[in-house]
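Working notes, beginning with the structure itself.
The letters A, B, C and D name the chains in turn, as written, and every chain counts its residues from 1.
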């Protein structure tokens, strides 16, 4: 079935609600309105206000009450309206959601999914385009997933909701309307997927940057480079095996993401790939990222976001001479 | 003058209050009590409640009102009582403090210092021992400083308060009672310092891990390694020059910190050092860090925290054979 | 150990009925009422023009204050130039009434730099998007001014939805404990995007929150411009005199959708909107002025003309595409760019060459 | 468009004087009062013993509830076994009165694992340290129980300082909007570490915050155990019957320092403490029971004996050093350890060999 990523997410939520009465959705404007991105469209009508609830406008309250619901055995799925509006819930996320299982030595698992639309490229004003994944990656106790395809949007979200651990599920805003095939079976979370094989170098990306890398790989053919593209799909846990197998084969790698480079996700990826593939590397792992600046005004965002051009420039820097 | 780090910080605050009427301290229990670590001891008595204010118990409120005070031209210095208790203020920090200058194109600078006692090793219960520096490093618009010596505690805090930009000032709890010489002149923020020269390999650390590295370097002599120790002092901006000069000389490096390894500060440090020193490196940059777990109970923390033993084990892995 | 409750409690509760002036037989004030009316007419035109410009792609998004102009205008007019205004994203109109260049006020919503003006020039804080986060700023600024001995009051605007955020609570509490010269105006327009007030709060009124902080709560008809102005002026005077903060809830209605991108038909019916159209703040004040013969044809024509001039200025000012310099991406992150930012700026420059 | 304020407002305000039972001539309840007293005696001994154990290094830290035992005991006794208790770090005693193993309750404060017990066994949430963050958990759990059709009420404890946090506000608002079966008990002991209530709030009382959420606020003498129990039982019954949440403020006093590590002499005088010692909850109830001849010597002796047994159990249970397994560091981060955690666990094992 062909659908959009928003449609696939909607379908995943619907199927989860239908299959498991413990699943409850909470968020701002997710009921009657169906969410500002329409990801919950029709769900309140189908399952009622108590399964798909418009909460008061308070993110710590949303995540905190969802935590209590999970303590009672429900499986809450929380929507944060935009990336930057998840920050008020940061304490609940870091100090409770990520730690409840550990703090209680397994007695209180916390099966809770936090859906966060993230990233730029949609012309959003201030606070509507943050790439905040580094914060979640740096918080032990959270799984972090982010789909780049329609199939993964459905499949990973179902897995996230079914997980007995808390999952931060990052939805790339600018792919909400991208179309693709919905296939119910996708590889499990924690596994990266080679979206495109390539012999010259490996591009490592996730979420909104995967299509950028695929475009770059396409354009690279003209320049004689055969670039592979790995889609991480899951940032925590990290699939060292798949990523390193590729990098060892090609000996060259570039990590691409929208988040600021400094202490961004690419730092960890570059560091761990280097630790594991050092003697295979012809050049240091490249990073193509957003600049180390607050997210810029929409009219300048195209300069900030990695594009195929910048990816190829980084590939060119991979010391092809030697 | 010999004093403790807590004493040096107290002195820095006192001198700043005395010199600049725009400096105001805000925090929980910083007035009458002098702070739970006594860093503000005597300041309310000397400068009055309005210069050193016991606020209501609400961290977002503290940082948010301090932001408003800075907008009016004051220089607030905020104390967060413990690392994990800064999380409620995360939205104010990320969405406002870090961005006010940029958002207003320089019209509203935000000269504000956020002091945060951080790190473990003091037997603190849950939420009292977090190493949260990765969050601040990943937030463009913030300077991040952390002293490891009494002299830097004084000097860097004075610089932080004098800075026209917001500074997250991380105070290593377990060094509060460490003694040293107070010297008013220290190198400027943004500059790393070589605490100990060494020819075999370079240990890169900051804050509470600097003494650990110095001890490791001392112990390493027996094993025939001459280890240098770089104290970063400032995580943002990062002193590539000093760090890379050392690593190029030794060809081997290990980063040490208490924070969890995954997406921790060491990821950025290892990645950027590798980018800049790739062909000088005999081995990938090592990382000795806290595990990827929520901070453990006090009775287990010694296993979690990097010690000289673990540092030396990492040094041993730096491929000395070839 | 005296555990008896403070007797002031009763005085801090809001009146049982929202304060109203229009239609109560109150004597019109020829100084302020016509001026309020003139601004309401301008304000309405500003709203309709800005909304129209979104349709033409000249503005990325516009959260209209149509229906709420009485609050917007009164908020701006109640303040002295030395005071500070803390607007939310919906309050561009208030900034324009306060004197901000109408095009500069829309910078954020146009995709340009987040704050298209110098906040210190007219003492208008940046339009604030993260809900309720501007409230502690207002408190801190007011507190700082008082510490400095300056006669400055801060007025902070927030929506009904925003009152649910923790920052609302913390700000009001700090204000009361510090007796800061700050006034909080909640524009209760019945909705937070699609969420009606009943899902936001079960309180008798939002103004009833005030007593829990130890400040007075006032309730006012938010479509009655003289009433809003009056209540605001009282509260500001009280703050100025050292009496501390006040929470004001203005009952109003957002006649347009949340923004041009929103489809209000999904969550509210026409009948409800129609009922509020009958209480249009322009009509309410205009009718009363006419009844008292205070709205000459000439005055009305001049007001309309002025409004059209404002609309024309908007169209002209927003006609072209703003030219932003990519180098500015790095210019104001810090007082002086770090070495890292300098090198990133250089790399971008190379790409752009 | 009906803008008149809800008439219930008046009913939601707290009584002008805190509710009291002792010394009012109320008939003693022979069912509950002696049991309350027995628990108060145990509770006091628990507090003194735990504090003593900090001095011997057997406990890392202990936030004592000496002086607040009436609140602790009443909170535990007011609940049914099927209900849930959400304690803060100061409320170990309440968990012990509810039936938790007195040594397990102190795990956190001993440096052992954060929660030394299975929260589901006795329906006691983990002792919560980040202030007020447990309140939304209580609301969510109560809401979930109601959605499931279970007859479960949650009781959440918080301090006066904790009421300043945003999470307090958000939790109470959610509770009221959802009519969740939850009761909030604020133990107003006058201080947040060193900060007195006057720097925390300017409200007539903390119970006055309730009306701002649309729930009843009750004020009770927190050293009057039957009064606290009565008010709690009313509120819990109301919640159980679908009446929604209640905010209760209990006026009490922390006779000890904040924790054993705190020096209370820095921020409060002896006279203040002495005045509160005169209103010791044990003495208040004991005297009244004695006046009514309800406290036989035998009963008193048995209570003391039980208390000593509890203290002895503490000393015995905390005598040795707990043995923690370093492998457990990795065991419960996730349902199943990630490859990364497995390899970190392996590396630690190697070091320890």
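FYI, contacts are C-beta pairs under 8 Å (C-beta built on N, C-alpha and C of every residue); 3 or more make two chains touch, one makes a residue touch a chain.
None of these values were measured; they are calculated from a predicted model.
Asks: Hey, what chains does chain A share as contacts with chain B?
Replies: Touching chain A and chain B alike, sorted by label: C, D.
Asks: What's the farthest chain from chain A if centres are computed as the mean of the Cα atoms?
Replies: The chain lying farthest from chain A is D.
Asks: Using the average of all C-alpha atoms in each chain as its centre, how far is it in Å between chain C and chain D?
Replies: 42
Asks: So, what's the distance in Å between the C-alpha centres of chain D and chain B?
Replies: Taking the mean C-alpha position of each chain, the two centres sit 36 Å apart.
Asks: Counting only residues that touch at least two other chains, what does the list for chain C look like?
Replies: 113-114, 130, 164-167, 169-170, 173, 177, 199-201, 328, 333, 338, 340
Asks: Multi-chain contacts only, two chains or more: what residues does chain B have there?
Replies: Residues 55-56, 58, 60-61, 84, 87-88, 91, 95, 99, 102-103, 126-127, 140-141, 236, 238, 262, 291-294.
Asks: How is the touch graph of the chains shaped: line, ring, star, complete or other?
Replies: Contact map by chain: complete.
Asks: In their shared complex, at which residues does chain D touch chain B?
Replies: 60-61, 108-114, 129-131, 161-162, 164-167, 192-195, 199-201, 266-267, 321-322, 324, 326, 328-330, 333, 338, 340-341, 344, 348, 351-352
Asks: Quick check on the complex: what are the chain C residues that touch chain D?
Replies: Contact set of chain C toward chain D: 1, 3-9, 12-14, 16-18, 164-170, 173, 176-177, 179, 199-206, 208-215, 219, 221, 244, 251, 272, 275-276, 279.
Asks: Given the complex with chain A, which residues does chain D contribute to the contact?
Replies: Within the complex, chain D contacts chain A at residues 113-115, 118-120, 125-126, 130, 133, 135-145, 147-148, 154, 166-167, 169-171, 173-174, 177, 328, 331-335, 338-340.
Asks: For the complex, give me every residue of chain A touching chain B.
Replies: Going by the criterion above, the answer is residues 60, 84, 87-88, 90-91, 94-95, 98-99, 102-103, 126-127, 134-135, 137-138, 140-141, 236, 238, 259-260, 262-268, 270-272, 274-275, 278, 281, 283-285, 287, 291-294.
Asks: Where on chain A is chain C touching in the complex?
Replies: Counting only chain A, the residues touching chain C are 28-29, 31-34, 36, 54-61, 84-85, 87-88, 123, 125-128, 262, 291-294, 296-300, 303-304, 309-310, 313.
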